[in-house]
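There are two complexes below, and they share chain A, which is joined by chain B in the first and by chain C in the second.
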Partner chain A sequence: MAILRVNGQGREFAAEMFPLTVSDLLGKLRVDAATVVAEVDGQIIERDKFALTKLHDGQSIELVRFVPGG
Partner chain B sequence: MDELVIAGRKFHSRLLVGTGKFASSEVMAEAVEASGTEIVTVALRRVDIENENDDMLAALDRSKYLLLPNTSGARNADEAVRLAKLARAATGINWVKLEVTPDPYYLLPDGVETLKAAEALVADGFVVLPYINADAVLSKKLEDAGTATVMPLASPIGSNRGLKTRATLEIIIEQANVPVVVDAGLGLPSHAADAMEMGADAVLVNTAIATAAEPAGMAEAFKLAVQAGRTAYVCGAAAESRRASASSPLTGFLGDE
Partner chain C sequence: MGIAGLGGLGSNVAGALARAGIGKLIIADFDDVEQDNLNRQQYFIDQVGRDKVDCIKENLARINPRVYVEGHRVKLDAENIPQVFAQADVIAECFDSARLKQMLVETVLSRMSAPIVSASGLAGYGNSNAIRTRRISPRLVLVGDGESGIDTVKLLTAARVGVAAMHQANAIIELIVDEIKV
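Let's look at the complex of A and B:
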């Protein structure tokens, strides 16, 4: 069992799901990767690195996207 | 209309449009289209993981507009720089509307933190468009720091109160060597035309369009007002005088002896 903090909320992931990449996480959460930016422990992950970036227990992930604004 | 040039990039429209507060993303897309704008602002927020239809900007044809991400929500320079970097990762371009607004009531920008963030972002290769109070000294400092524009406010964001900062806006426009984009508080097309007649290079409008009864129609009204104001500015206003000056000949009246 591993816990990842995604957008401020702790989420549990079974150990057999690892290695889990940012792409895998987005797929699991059903979030369209094309419009998302990810930060892992404060480091921005470029979109072309989503599939290469492995996540580990205890990490904090921020997933953000553009929303309407002025 | 003559072209607007920001950081070497040319635009035919001098109206920037914000995408917030629209009733739906379809209404927003329609209004953006009707405005003739080429630059639309967007914000950056956490993905709502529980909501699969979270992408509110899906209706916008991104190939037609330059998406200008803002740093709204930033309360200091560090938060603004973090948001700008995230936005750059999302757009792949390095333009950012820098806003640092620690006070949630009037949403007035923090000039000290804005200048600090602008310096850091310019050094990092960003094209920085800072939202500021109508402060002519800060405006020059930002320009000297290398910002691409200055974006002084007309009145508080979303207030629709018009050009309450007129006297200092005039000084900013007079002194600026970068485009001046009057941002925030323009509530009517006449406010936008007024700003353009004063010599502003562009205006940014959001609330006045988004919360109008018919946003697409109001977007068009702003488009026409900006065009009219710019054309009037370029053509040079006629002189004002206290006395009347007849427009019709003062000779040849009936009954003249």
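Let's look at the complex of A and C:
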């Protein structure tokens, strides 16, 4: 079992779900990656690296989802 | 100060910052003023059909001629953003499209050093207090209710877009006065 903090909230993930990438996490949350800015432990992760960026127990992930309008 | 996009957010942010006496504004958009922009954007009926950058320059000059406005009629992308806004101490994300918002915020956070004030979730009417300003991380301030998109709510009003735009302008002034101290 691993715990990731997603937008400030601790969430539990079963050990067998790892390796878990940013893309995998967005898939589980059903969020369109094209509208998300992601920071892992305060570090910006560019969208083209989402599928390559593996998440680890204890990390803090900030997902900012953009909706249209302006 | 940089403003990316001169629609309902950007045209209002520009006016507030010019009135506040911000000395230099770098503004960028590639659109012309359209009739249906006038329900929420700071243009006038006689400006329909004209370049938004030129119109904002004119309007700001009438508000405060001491503000220097550098205009870029350009479609912003990950390649040109760092050049266009190289001199900006803060950048305002004022796009309409969710994908462009994502692209701009990601580009500024990964390739530049200035903070960015972005907006997401401002469609509809009413519920002014759901629109909040939050510091997501040291260089990212996010305004909006986070969920009311034009894709689902189907309506943009001058009032609610204006609430978000003034949150952005207020956050920018706060950053400049308290942190950047230009």
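Keep in mind that, in the parts below, the second predicted complex is superposed on the first by the 66 of 70 C-alpha atoms of A that agree within 3 Å, B and C clash if a C-alpha of one lies under 4 Å from a C-alpha of the other, contacts with A are read in each partner's own complex, and residues count from 1 in each chain.
Keep this in mind: a residue touches a chain if its C-beta (ideal position, glycine included) is under 8 Å from a C-beta of that chain, and two chains touch if they have at least 3 such contacts.
In this text the structure is predicted, and so the values were computed from the model without any measurement.
Enquirer: Thinking of the overlay built on chain A, is A:P19 touched by chain B (first), by chain C (second), by both, or by neither?
Expert: It touches nothing on chain B or chain C.
Enquirer: Answer with first, second, both or neither: which of chain B and chain C does A:V6 touch in the superposed model?
Expert: first
Enquirer: Of the two partner chains, chain B (first) and chain C (second), which one does A:F66 touch, if any: first, second, both, or neither?
Expert: Touch status of A:F66: both partners.
Enquirer: For A:I44, is the partner it touches chain B (first), chain C (second), both, or none of the two (neither)?
Expert: A:I44 sits against chain B and chain C alike.
Enquirer: Give the label of whichever partner, chain B or chain C, reaches more residues of chain A.
Expert: Of chain B and chain C, more residues of chain A lie in contact with B.
Enquirer: Once the structures are superposed on A, label A:V31 by its partner contacts, choosing first (chain B), second (chain C), both or neither.
Expert: In the superposition, A:V31 touches chain B alone.
Enquirer: Same chain A residues contacting chain B and chain C, which ones?
Expert: In the superposed arrangement, which is not itself an observed complex, chain A uses residues 35-37, 39, 44, 46-47, 62, 64-70 for both chain B and chain C.
Enquirer: Which residues of chain C touch chain A in their complex?
Expert: Per the stated touch rule, the residues are 5, 7-10, 94-99, 101-102, 105-106, 109-110, 118-123, 136-138, 140, 142, 144, 146-153, 156, 161.
Enquirer: Once bound in the complex, which stretches of chain A touch chain B?
Expert: Touch residues, chain A against chain B: 6-8, 29-32, 35-37, 39, 44-47, 62-70.
Enquirer: Hey, which residues of chain A end up touching chain C in the complex?
Expert: Counting only chain A, the residues touching chain C are 34-37, 39, 42, 44, 46-47, 62, 64-70.
Enquirer: In the complex formed with chain A, which residues of chain B make contact?
Expert: The touching residues are 18-22, 25, 28, 41-47, 49, 52, 54-57, 67, 69-70, 72, 85-87, 89-90, 157-158, 184, 204, 206-207.
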